[in-house]
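As written, the chains take the letters A, B, C and D, and residue 1 is the first residue of each chain.
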Amino acid sequence: MKLRIGIFGGSGYGGAELLRILLARADVEIAFVTANEHAGKFVGEVHRNLYGLTALRFVAAPEEFESLPDVDCVFLALPHGQALEIAPCLPSSVKVIDLSGDFRLNDAREFLEHYGREHTAIELQGEFVYGLTETNRGEIKRARLISNPGCFATATLLGLAPLVARGVLSGRVIVDAKTGSSGSGAKASANTHHPQRMNSFYAYKPFTHQHVPEIEQELRSVGEWAGEFVLMTHSLPVARGIFASIYCETKDELTTEAVRALYEEYYRESFFVRIVQGSPDINWVKTTNFCDLGFAVRGRSLVVFSAIDNLVKGAAGQAVQNMNLMFGLDERAGLMLFGSNP
Amino acid sequence: MKLRIGIFGGSGYGGAELLRILLARADVEIAFVTANEHAGKFVGEVHRNLYGLTALRFVAAPEEFESLPDVDCVFLALPHGQALEIAPCLPSSVKVIDLSGDFRLNDAREFLEHYGREHTAIELQGEFVYGLTETNRGEIKRARLISNPGCFATATLLGLAPLVARGVLSGRVIVDAKTGSSGSGAKASANTHHPQRMNSFYAYKPFTHQHVPEIEQELRSVGEWAGEFVLMTHSLPVARGIFASIYCETKDELTTEAVRALYEEYYRESFFVRIVQGSPDINWVKTTNFCDLGFAVRGRSLVVFSAIDNLVKGAAGQAVQNMNLMFGLDERAGLMLFGSNP
Amino acid sequence: MKLRIGIFGGSGYGGAELLRILLARADVEIAFVTANEHAGKFVGEVHRNLYGLTALRFVAAPEEFESLPDVDCVFLALPHGQALEIAPCLPSSVKVIDLSGDFRLNDAREFLEHYGREHTAIELQGEFVYGLTETNRGEIKRARLISNPGCFATATLLGLAPLVARGVLSGRVIVDAKTGSSGSGAKASANTHHPQRMNSFYAYKPFTHQHVPEIEQELRSVGEWAGEFVLMTHSLPVARGIFASIYCETKDELTTEAVRALYEEYYRESFFVRIVQGSPDINWVKTTNFCDLGFAVRGRSLVVFSAIDNLVKGAAGQAVQNMNLMFGLDERAGLMLFGSNP
Amino acid sequence: MKLRIGIFGGSGYGGAELLRILLARADVEIAFVTANEHAGKFVGEVHRNLYGLTALRFVAAPEEFESLPDVDCVFLALPHGQALEIAPCLPSSVKVIDLSGDFRLNDAREFLEHYGREHTAIELQGEFVYGLTETNRGEIKRARLISNPGCFATATLLGLAPLVARGVLSGRVIVDAKTGSSGSGAKASANTHHPQRMNSFYAYKPFTHQHVPEIEQELRSVGEWAGEFVLMTHSLPVARGIFASIYCETKDELTTEAVRALYEEYYRESFFVRIVQGSPDINWVKTTNFCDLGFAVRGRSLVVFSAIDNLVKGAAGQAVQNMNLMFGLDERAGLMLFGSNP
């Protein structure tokens, strides 16, 4: 019997990728996908990559949630703030995976500070499990409600978790992170205007990106580490991909081999983390659910390089990986997305 | 004594390029530049390439044109329709160069059909001279009012004019034209959204682009030719540049050398037309006022390749070239913009 | 039981795409893949998109073909000229799909003219079937030897075949075709040097591209048409994709709807041809096996727009589609490659 | 009277930019430009941006330097190692500006370690002055021999010099630097192959880039600072530009305003350093001689963002700026290169 799925927010890039991944699966049925501005249109008219591959149409989001089609799992791929409204209304028989930032932060004050709005569902917040599959697999399997990590948080946490878990860090950590233009979403805006963006590289939100408290919160859950954390986000002229250069100090001098061994051991069960020689390259993870990690060491200076596709491992792919776990499936189901060369 | 210049519409790409070219000149003074949404801001805040190079500020467009600062020449770099309102109000002592489509078409019905509005200044239309410098130099020198050609029209007409003038064509002409994303203007829109545009190539406005009647009208003024004319416009993922592949039939078989000689003779006085070996490449004309032309011949089939920078030879550069002529200057003044490699 | 496959030439882009497609299939086993310069290396070291997805290693091409592992089908994804040497040596029990130009032309003199070498296996040539699946399905099913079409030929023939088959064309046909940089292969060269290519658009091989005689030959097999055929190839700064603008004259005036109906009828059984509204866009076919076709009509002028991924429908995808037919499988097997947005 | 200039190495990007800048000047005459593989060809055939702008031809490098045309100044824009051979042979009446790394390092052992060859002209090394105009103006004015800084060194040193000179730093400095593809030179190579590079971002030469000892050496000459220095270089899919994110710790907490004031005071005489609001963007410095600097502060964490065009301020522009000073000219002469929007 097929898993019956509902998607709220099917017109953005997160929704586009959920559809790309889920429509290809024989064991999943999409019961509905919403997109208010496109209600009534065929999915393949909006996401023209899917033209000819599905007869599905977008529907408007329901006014009342009792009338929802019967589904096993709902994905919320909506702008920040909307999941706060919808999640509390969903029947408790339905599993929920929220791709927005609404349920990532446990602290209501931090939420207010970074998202600019009151958290109106703070009790429900306590039931949400943070969906970074590789560090939280056990809890995810048992969860009904998942808050899917942010894209920068995913690249950074997968790069740092083994070091924090094994307690090898001292001092501060600096993450110099760069994202492709799809990170700004599917709507055109000044900073994604092609004539300028194609020749641009610049920093934005220095020190204050909303993924900072999310990363700090999750690092605390992974291990003991109390250094200063700096995240600097930059814009890169590719369509897809995040590359994070993570500058650490280790308590003791480590060899590259020792670092590699530490990561390989930590990620032994994690198919989607690949430990590579030299530097990863976003070219090799684009359109895939992989996170590629590489290292360089000099004395007690350690740099970890982390590359993901922001829309797959950084959003929709990870969401499906979590869904697989929540329903007792192989976490790789539907996610064997072979990237291409070139 | 310096030429005193006014610019209406300084925030778009046409205005940006006028400023880049004119601010570098010692013999020109910019008396004012308008940009309603940026009134009061420094030019270098909006066009950050010019930061540190000018203390000029944007002003709002005047309500009444008597209060205009005293200027010798005004450029209108506004969205279609606005020059229709402004041009009739300008003092007759001022020379005017309009970069929009408002005064390009002599026929009011064609204007209505292609621009979707009534032509409200049709008598003034009769005084406007079409500003394709290379084919119309004599009239431009004597003109007070210039309508600057469209970007596709410039690339196409420079490619076709020698053939039509010498009467060597028979049959229909097909122009397959491709433009960079800056052709859509400085405002972000769905078709210039970087994640999609960087991997896109598509056609638009098949058969119906508004430059079609403009090209047909000007070809009639250049020579006798009565074949069918097809213009197909496409979008290209570069920031700058137009490339037109112009498919012709000649009455007789011509050698490549004969074609080359015909063009070299026709453009002997035209510094900004370069006849190249093989194909031109928009890479070599970007940021310059050059039009590069190349040819291929097989029997009576002749293909002309024409490459320009849509914002320079296709807009602001040509406008300044016309200004130079109108004021008795060397047409190259301020336009020796050396492109770069790469 | 799995199909056992051998690949000659696994390091280029054609080989990379064959591996991407075939490694994902449960019903196929890759018995060997050659790459002389990489012999002994893991496939995932060279095609780093495949790292972690296969333990396969490259081998050197065999000196003697008796020692080949036992396989059902061999793909030749080699530079032009090498299949001429290998194909005659392969056991007659093995089916062969050649992705090069070696066996596409029936006429030895045309081969010499366009490929610059003598055809040394001209008797075998007679046994090769041209592998444009959509026009030649019946013969392909019965074939042992397939010559897979060129990328420009695929985009052009899929756009023209219905018109030639139904006899609606008169006069000449002009194809203005543009290709992404992967069309130049996996080896770096001056024309794919990033600093220049990213801002380039230019024409090359005017009138003389080696796909011209291939297209003319196949059009003759599809229907009666004797007009002049012009192919002009251009280079485009995207990684993947071909876009062909095909300018035709029809004997009678046709409406867009009539043209659409003609194509839909012709391609009724062809899943991988999608008839779209307006213009296709290479963005929507990249990494997929689709050919998207659109139309514009004015009087007796008809323009067909054809977009494919040069490496999939224009090479490896089509090769696998042919393999599927040759072995009695659904032609879509392994080719449901969902493109992505963006 | 014109300055007479010779250029060794005119076919690379450094030479291309020297030609672009110097050919536009009325006060400079290029006596010769060498390019062995292009000897006899017109400059405009190789650098097609310059076609029509100069009748200059490339010559072969001379066998004996006595036969050199009489020149005032020579630029060496050659691969590493060649200036070592040529500089000692040039007449002492000629001023020399070397754009390679041959004379940047005072320590012969460090040179051997980072450039992989013996330094064969170490006495001459003592006469070379490091040509970072903004920190070394006085010495440059009096110098006969200039070693022009590396591109990463320029971006980094301009970002760090004020802090080191004013003694405000403590602890280590991490520079996360990203360069466009023209940084790899004008010859095609695997890492600049367009199909891959356009979607790539990766790190290279971690900790070991040859600009590290150059930067450390020059920081010592600017002020007292003894922290650890980390430089991590990355490749970016733009043609031009370097962006460096420089992570510092200050001894005391500083406000953004205080940092800004410090930089404005330090660079008061330096036209080509622009202090910007927020982040700089390589889009706004491309093709110009500007270095744009911006800041972000949190507690004692200070991040400096530095953006240059690697080929202009990072190579040819800076070389000409130094030439201007050496000959008593305004340092801006010929360098008022207005960037463009877009």
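Keep in mind that, in the parts below, a residue touches a chain if its C-beta (ideal position, glycine included) is under 8 Å from a C-beta of that chain, and two chains touch if they have at least 3 such contacts.
The shown structure was predicted, so the numbers you read here are calculated from the model rather than taken from an experiment.
J.: Between B-D and C-D, which chain pair is linked by the larger number of C-beta contacts?
T.: Higher C-beta contact count between the two pairs: B-D.
J.: Greatest Cα-centroid separation from subunit D: which chain?
T.: C
J.: Rounded to a whole Å, what is the gap between the Cα centroids of subunit B and subunit C?
T.: Each chain's C-alpha centroid was found; their separation is 40 Å.
J.: I'd like the Å distance between the centres of subunit B and subunit D, where a centre is the mean of that chain's Cα atoms.
T.: 36
J.: Averaged over CA atoms, how far is the centre of subunit C from the centre of subunit D? Could you give it in whole Å?
T.: The mean C-alpha positions of subunit C and subunit D differ by 46 Å.
J.: Please set out, as single numbers or ranges, the residues of subunit D touching at least two other chains.
T.: Each of 13, 182, 186, 195-196, 198-199, 237-240, 281, 283, 341-342 in subunit D touches at least two other chains.
J.: Using the touch definition from the top, list the residues of subunit B that touch subunit D in their complex.
T.: Interface residues on subunit B, with respect to subunit D: 13, 16-17, 20, 23-24, 47-53, 182, 186, 198, 239-240, 271, 274, 276, 281, 283-284, 287-288, 290, 292, 336, 338-342.
J.: Can you list the residues on subunit A that touch subunit D in the complex?
T.: Residues 174, 176, 178, 195-196, 198-204, 206-207, 228, 230, 232, 234, 236-241, 243, 245, 247, 279-283, 286, 294, 296, 298, 301, 303, 305, 307, 341-342.
J.: For a test of understanding, state which residues of subunit B touch subunit A in their complex under the given definition.
T.: Touch residues, subunit B against subunit A: 13, 180-182, 186-190, 192-199, 237-240.
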